[in-house]
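In this document, chain identifiers A, B, C and D correspond to the written order of the chains, with residue numbering beginning at 1 in each.
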Amino acid sequence: MIRFENVAKTYKEGTVVALEACSTEIQKGEFVFLVGSSGSGKTTFLKLVLRDEMPDSGKIWVAGKQIGKLSHWKVPYLRRNIGCVFQDFRLLPNRTVHENVAFALEVIGRPRHVISAQVPQVLELVGLLKKKDRYPDELSGGEQQRVAIARAFVNRPLVLLADEPTGNLDPGTTRGIMRLLDRINKTGTTVVMATHDFVIVDSMRRRVVELSQGRVIRDQVRGIYGY
Amino acid sequence: MIRFENVAKTYKEGTVVALEACSTEIQKGEFVFLVGSSGSGKTTFLKLVLRDEMPDSGKIWVAGKQIGKLSHWKVPYLRRNIGCVFQDFRLLPNRTVHENVAFALEVIGRPRHVISAQVPQVLELVGLLKKKDRYPDELSGGEQQRVAIARAFVNRPLVLLADEPTGNLDPGTTRGIMRLLDRINKTGTTVVMATHDFVIVDSMRRRVVELSQGRVIRDQVRGIYGY
Amino acid sequence: MAISVEYVVKETTNNLWRNWMVSLAAVVTVALSLSFVGVALLFRQEVDNATARWQSGVTLAIFMNSSVTSLSNPQAKAVEDQLANMSQVSRATFCGQNCAYREYRGMFRGDPTMESAITNPSQLPVSFRIKLKHAAQAGSVGSVFTNQPGVQAIEYAKGEVEQLLKISSFLQVASLVAASALLVSSVVLILNSIRLAIFARRKEVEVMKLVGATNWFIRVPFMAEGLIQGLVGALIGCGLTSFFVSEFRKLIAQNNIKLLQPMTASAGEEVVVYILLLIFGSLVGAGGSAIALRRFLDV
Amino acid sequence: MAISVEYVVKETTNNLWRNWMVSLAAVVTVALSLSFVGVALLFRQEVDNATARWQSGVTLAIFMNSSVTSLSNPQAKAVEDQLANMSQVSRATFCGQNCAYREYRGMFRGDPTMESAITNPSQLPVSFRIKLKHAAQAGSVGSVFTNQPGVQAIEYAKGEVEQLLKISSFLQVASLVAASALLVSSVVLILNSIRLAIFARRKEVEVMKLVGATNWFIRVPFMAEGLIQGLVGALIGCGLTSFFVSEFRKLIAQNNIKLLQPMTASAGEEVVVYILLLIFGSLVGAGGSAIALRRFLDV
């Protein structure tokens, strides 16, 4: 599903190295934790998958396509196969829960009947159907993150990327989010999650890819956060 | 140093209750963890101390002054006694480490010789004297947070408020930040830190104030995160 | 991918509404600057028309002494023959005392001093009115007759026409300079209003990019915003132009300002000016959007 | 708390520089709009001066029949006596045939038709030139003499003066309307440039507030920005006004446009206009800043 081959990425004209000779492969349906200390390149890794950044060298395949060769106007269509969740939710404050999720379908031109069918379904999945008319600031942090996940998932993407989705949340809420991601993974969606939360990583025992200074230094099938 | 007496605070014309009948007192030199689930009112508590928000009812004393009675133009002088650190650092990206810290002194009108004396001193304290000419994006997350702490502390405030200062950081970096806050606390500065990180709270064993739905539901001298 | 019209209308309206102050300022500035352009263009057209009439008349007049009262006078005959033989002259007509009296009456109708001054055609001098092939030759043709017996004076029809042309070209240059400075301001204002719209919607744009909206889908509402501002400004500019010009004409007609009376433009000429203004307006709008999208919208 | 001048200068320069396009547009618009105001004001002053001269002359003239050639004529005497007894009349002078001839020569100097038309004072009618206490009473005074024996016509000194006044007031209204619309745009542009500066520095402002900078410390650089834009705009506006007015005068002088020749303003009057423009400029700048600070700077 995702394959990195010797990918290097620098910022600021090569002065800041974010990734260096990074190679790894993630299969369809896997659940992968991306760990590593601050600045090790986790966010860069995710941005490259999303083609939000371009690699300096090396090749990246996502969903069977080498995305370095993708022409500019095809990028949006790549992104429709990838869902994204961030630590800071990125919800639109002036739209309700329902509208936030529907927005993701509207802007890719889905017809209205598809939207009104799919949105309640995914809100049901994240357990927020009852709160669909609330605005983001009327929700707890965990609920907001679930809306963000619903938005990322409503288009049934092949891959779900999550960059520290529980960084702002208390331990109870964090467990709720992890259960939800687990459920989404069980529907067949590949999940890649960057995190610092060793408690989660250690308890879930999924595949762990550790980055350090832009290189993969560990790849463990049922791994833990530290060694 | 800080005293809340029956403080209530709502948002959006009273429809969202953030704090309700909240009373507590924090003495000079204490180190207090503010815990509670998402939306329990921790950030609101800190904003009230900073007089960034005004309470709907109740009284708040900070450094001996009842801040509800403070006239508008005196607020800046109150804030000079309070240092602030946030999860997202809030550094100025186009200024170096040294300039970021010096900025805090410049804008309150400190003369140049005071600035050139105090900034290196506090950078020494946070261990960043050697990196004083770097820009924020040339630093790791932990280093950036230490710059933020240096900026909050350079004016030797009586109180240091920290809102989830380790939310973005990996466990190793988190421990570094906590040691630094501990050292600052030992200089006599009162530290109030809102956090979700139960590992830290449980290992430091300091006073813990737990909020739930805007009320203080626990106040433990050498507390832990949960019960 | 099709972009629904409904979506574009909704988003564009929102954008315009959110920063109505800037949108308004942009529209006002476009309108003003285009009305300057419009007035300048129409004025030019009218002055062209007016001076064309003058030019169809006489470019040079030779006034004879009061002793010469008709063409039968040999001095007049001599002038007439000379004129007939000059290749520069396209047409020469004789204006006898009756012709002069008619002209005089027309010029000073309603002015008692002047009316009572001349009560008889015999008080006025006769003259030749000459049309030249090239107006620039007026001087050389005139000089031939300067010292001719019986010739009292040579008058060149430059005075009023030239004054009119000079004042109008001065006003035109001034208003076109003002218009171009204002057009720059218009572009900046439109650019700004779009920049503010982009900024106000930066979170939405970010989400749109994340979930795979196409670049055109993101751009179109902002482009529509600029275009609408430019076009609305141009429409108001057309209105202002037509209002100003018609008020000016009314003023001239009411006050019998003779020099300016022949100034008119046909409906067709006006329409051409208005179409030009609309084209300018959309160019300004599109230009402003293009710069704003390029500089501030990273898609 | 003292705010260091150096700090304000540095920050203001930065702000202006960062959004130079908007700053420039703001300055240009202020300059243009104030130059409209300036030209309108100076023009008004000049027209006032010009018509004051006219008004110091005659507001009403009574022309007698050609049979009346001097004051000794009883019909003329009758008119003179009546005028002497009217309280509305401030001064009445008799203009005999020599006076009329002098006036006529002066009016039509260099025009052969007219010069040759009247070669003798006896060809011209005599008249009374009347200065009234209030110009508005011209109609009522004139009507008294309409059917009086020996009176040929009553002429009101309205013709040219009134045309000049009407055209100039039309142009003034038009330019003041344009100026006020532009002033609105100027305020919005200044407001916008400050809003963008505030936005560009929102992080710094946030940090400033956190560490206890006083509100004025935060505000002053933004206010200075607006004031500078307004003042620079006003200065350029003064330059444009003076340029336009002097070019216009040159044009009139070169072309001998008689009607407009008496239009001048003293240096003192010009300076007053320029000071007014500078005051307007700073008001516009301060107004723009005030709105921007109030709406977009939360301190």
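In this section, contacts are C-beta pairs under 8 Å (C-beta built on N, C-alpha and C of every residue); 3 or more make two chains touch, one makes a residue touch a chain.
Values in this document were obtained by computation on a predicted structure and should not be read as measured data.
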item: Minimum number of chain-to-chain touching steps separating chain B from chain C; value: 2
item: CA centroid of chain A to CA centroid of chain B, Å; value: 31
item: Separation of mean Cα positions, chain C and chain A [Å, integer]; value: 63
item: Distance between the centres, which are taken as Cα means, of chain D and chain A, whole angstrom; value: 68
item: Whole-Å gap separating chain C and chain D, where each centre is the average of the chain's CA atoms; value: 24
item: Multi-partner residues of chain D (at least 2 other chains); value: none
item: Chain contact graph, described as a line, ring, star, complete graph or other shape; value: ring
item: Touching chain combinations (by label order); value: A-B, A-C, B-D, C-D
item: Residue numbers on chain D that touch chain C, as the complex places them; value: 21-22, 24-25, 28-29, 31-32, 63, 66, 100, 104, 111-113, 116-119, 123-125, 127, 152-153, 155, 162-163, 166-167, 170, 174, 178, 181-182, 184-185, 188-189, 191-192, 195-196, 199, 244, 247-248, 251, 255, 257
item: Residue ranges of chain D touching chain B (in the complex, touch as defined); value: 1-4, 7, 203-204, 206-215, 217-218
item: Residue numbers on chain A that touch chain C, as the complex places them; value: 50, 72-73, 76-80, 84, 90, 92-93, 103-104, 106-109, 151-152, 155
item: Residue numbers on chain B that touch chain A, as the complex places them; value: 11-12, 16, 36-39, 87, 137-138, 140-142, 164, 167-173, 196, 198-199, 225
